[in-house]
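Below are two complexes that have chain A in common, paired first with chain B and then with chain C.
Here is the complex of A and B:
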């Protein structure tokens, strides 16, 4: 239990540093992320360049720091979008009558059959490449998880005492849904969304690595890894540090999210 | 029977999703079908419009697309100059080999670790469960890059491209983490059951109890998860294939997305859905093998 607590506070610490990096990257990064020095390409990590330099002679550490904002925004944006979409689908399934429920559950079944990455490729084939497309694609592949839980929660809450009381008081069904059912259903879903931010950052960086994210050399972890692809053999640092950044971020979000989940479950 | 209808429904849904995607995409449908391929003459363009019935109402186009798919005709890739079914047929075996090797590795790892660590000393259990959380958090493509850097470029132990082992290991990490967690949870629940005490009181060794009595109960959720993981892994193969420059379904799909070759993208979606449906049917059958109680249920 004590080691769990240490993990939680480590996670919180990492997230705090990341938020600072996202808001004021210049405060942490010693160099400009775009300052390329053609005389210092693929330089080893040193006191001057903590994580070494990339194939264009840019400071990998500064690029990792400046890449935080894009990664966090992708993760949070995609999760928020998925949460919204999942809630709408879940409410529709439970309030729209039997036909709506049938359509939504079948749709979720179909989505199960098209795994994440494949569905993301289909979405990007439709929307075209770009940062926005990556956010939408990651949201689309995570919507069903939220929709299922919202649907299950609502069905469970509907049988609860306080909803019965509201019905007995003569409140309208739409009022009961908005005032009582949805707010109570959202708690567990919000926790899931917190954990989901980590997975969304991972998925987003995978799509960027495939070259489907934004073009034009802005610092982004997945794109940095793709750029270093041809130099793995000679410059391990250009491949190791951006990936480490992704892993640590995903890990921190997951650990903190799971801790919150356990606390909420413990309370119920 | 019900099972079969459900599978058919899912496949029909996948075809519909692909069809809707084609028509949601910006630009003229005929251009999406041609893709970024130079050298398509206006005459060929007219022929495509006629073949796909693109001048007819949407519903008619939909029915005709369903008809083609049912006949196994997934259209033509003008970018690759071959039928989509052939492009997929060429790429699928390599990706299936990669996927099933990875799932096999993940299962072996999960079985061994779960059996050895369930209800063991806290530090051992903690060590492995931390490793599993890290395993699930590491991006598959980055782990692939690390393996490549260490084993191919530094130790020169494996070929930088084409090999099966390294990509399979990279792909197996996340499924292995998830499977181990589920298996150990199931095993620990089973080991707390009264029948385990009975088995132990008959003088059965600890290892035999775990294998013969505990594992069977822990397997059901793990089997369900495996069915789902096969689909997931098949999808994730795209990034691993990219890292290891390994030809396969992922590279085909990625090329199609960047080359706006819609028939190939749609074909890949359908084939992946088909593999998922087959896998989940097998999972259902396995259920009955592992848990005989399910066999006595009224056939549905």
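Here is the complex of A and C:
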């Protein structure tokens, strides 16, 4: 229990630093992320360049710091979008009668049968590359998880004593859904979404690694990994530090999310 | 005086900074029954569990002495405890369904104990299992041994659990609320079974909130409250001449419910003939099937203004289905319900909705009937036709609660407070009929009496009619004007409360009444 606490606070600390980096990256980064120095390409980590420089002579540390905003936005944005879509589908399946339920759940089944990355590539093939497309693609592949849980929660809550009490008080079905069912169904899903942010950051980085994210050399962890691929044998730092950034961020978000989930489950 | 099988001296148990038990001592001799009586949270279960080393994670236990069979066990580790559990002390818990492994047959469960403690040679295990089951009063033990817990009724499961607890023939049996989950006729059988074990020389530690149950078995009673014994003594003395105010209140609460002081005995109600009043609710020939089973089978009754109709029956008798039919939450297969002389059960929900405020309900478990996110203020406001701060305060006042609770959420209330809030909410739309489905079954005895009194006062003030459902005959006797006895979905007997309780006609009613443990009988004997 004690060790779990420490993990949680460590996660909170990491997230706090990340949020600061996302809001005011200039406060943490010593250099501009785009300041390329052709004389200092692939320089080793040193006091001046903490994480070394990349193939264009840009400071890896500054690029990692400036990359936080995009990574976090991708993760949070994709999770929020998936949560919204999942909630809509879940409500539709449960409130729209038997046919709606059948259609929605079958569609979700079909969607889940397609491998996530393949589907994400398909979405980007339609929408074109860019950060927005990555967010949408990641949201699309995570929607079914949310939709299923929202559906299950709603079905369970509809049988609950307090919904019956509301029926007995003469409240209308739409009022009951908005006031009692949906808010109570969302609690556990929100926690799940917190954990989902971590996974979404990972998926988003994978897509930008494939060159499908923001174009034009803006600092992005996945893209940094991709760019450093050819120089890995001589300059491990250009790949390892962005990779570590992804790993630590995903870990921190997941640990904090799981802790919240435990708290909520304990309370119930 | 023989050597005690179990002794506890100056026991202190705390969970973190919360002290659960403070300085209790007891001793149990062979063939004697010691009872711990108290309400929920008084520390009785955790006290008993120290005798099997199961106080739970996070408990810190301090005692001058804990001894089993003369051996000090205060320094025992988990391994040593395992060798004692079952062999020296058997444990019987309240709910046998959760205490038995759902994936194993009852026979396998009992065989495990025999195997673990090597009480009989391997070849003799099967015969011994059958023997134990029949000892525990399980009919057809050969068949039952091969069945899984969910295939058995509540009473049979409890017997199987007792069979496994006595398998290694422990000199001490700890029974923690062994009959609380059972119907009254089954409860009587289980108590008889425990009495048999006692007569056979087993020491018994009985834990119960119900003094009437304890009275049947106990030789010595410890009354527990907030972690201390407030009164201890021979059973007869404690029951007959309670000294501590808390014990007195417990005895009073139980006697008023078991002796059957009927409310209609009181002068204010005498001559208060309700038969002339208008009918507010009429059910005729209600039938409801689930699968092939008739849950409700041709039930008819009328409820008049300001009257209480008691609906009594054991689990599975169809009481709650009747409640749901009457509330319009379930449509009857045949038959109909009329509310205020107008069609009710046959209406479409759209037409029923505007009239729903005329009939309200309170449940056994108010917690589940509240949206957990809402405060008391919001919960009551939701039931009002228009938002009205003054009316909310008035309703809280009517149910004896202060406005200081307005900001609390259901989880932050005590059981009694929750049921009061549920009553306030049900009264908010000014209903003519209130369906009370086991409204006090989940409450401690002293709180039960308060809630029943509150309901009686409200009826006098507001003239609301109650359809009062309970499995507890004492409660039904206490509150009802007329009584309906149900069994297997049918009405077995119907009549005035005095007639049902003093001169029952149906054999089933007689059987039910005979099974109720009576505190008076125990005191007199």
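List of remarks:
Just so it is clear, the second predicted complex is superposed on the first by the 268 of 268 C-alpha atoms of A that agree within 3 Å, B and C clash if a C-alpha of one lies under 4 Å from a C-alpha of the other, contacts with A are read in each partner's own complex, and residues count from 1 in each chain.
Assume contacts are C-beta pairs under 8 Å (C-beta built on N, C-alpha and C of every residue); 3 or more make two chains touch, one makes a residue touch a chain.
A quick note: this is a predicted structure, and the numbers were derived from the prediction, not measured.
With the C-alpha superposition on chain A as described, chain C and chain B fit side by side in the combined arrangement.
Of the two partner chains, neither chain B nor chain C is touched by A:6. When both complexes are overlaid on chain A, the residue A:47 reaches neither chain B nor chain C. After superposition on the shared chain, chain A has more residues touched by B, the comparison being chain B against chain C.
Of the two partner chains placed around the shared chain by superposition, neither chain B nor chain C is touched by A:27. Angle at chain A between chain B and chain C, computed from CA centres in the superposed arrangement: 90 degrees, to the nearest 10.
Contacts of A:99 after superposition on the shared chain: neither chain B nor chain C is touched. In the superposition on chain A, A:205 makes contact with chain B only, while chain C stays out of contact range. By the touch criterion defined above, A:121 reaches chain B but does not reach chain C. Judged by the touch definition given at the top, the superposed model places A:183 against chain C, while chain B stays out of reach. With both structures placed on the common chain, the touch criterion links A:236 to chain B but leaves chain C unconnected.
Once both structures are fitted on chain A, no C-alpha atom of chain B lies closer than 6 Å to one of chain C. Chain A uses no single residue to touch chain B in one structure and chain C in the other. The part of chain A that touches chain C in the complex is made up of residues 160-162, 164-172, 179-180, 183-184. Those residues of chain A whose C-beta lies close enough to touch chain B in the complex are 3, 106-107, 109-110, 112-119, 121-126, 128-129, 198, 202, 205-206, 209-212, 222, 225, 229, 232-233, 236, 239-240, 243, 246-247, 250-251, 254-255. Residue ranges on chain C touching chain A, taken from their complex, read 327, 329, 353-357, 359-361, 363, 365, 368-373, 382-383, 425, 429.
Residues of chain B that touch chain A in their complex: 6, 9-11, 13-14, 16-18, 21, 24-26, 126, 133-134, 136-142, 145-146, 148-149, 153-154, 228, 231-236, 238-239, 242-243, 250, 253-254, 256-258, 260, 262, 265-266, 268-269, 272-273, 276-277.
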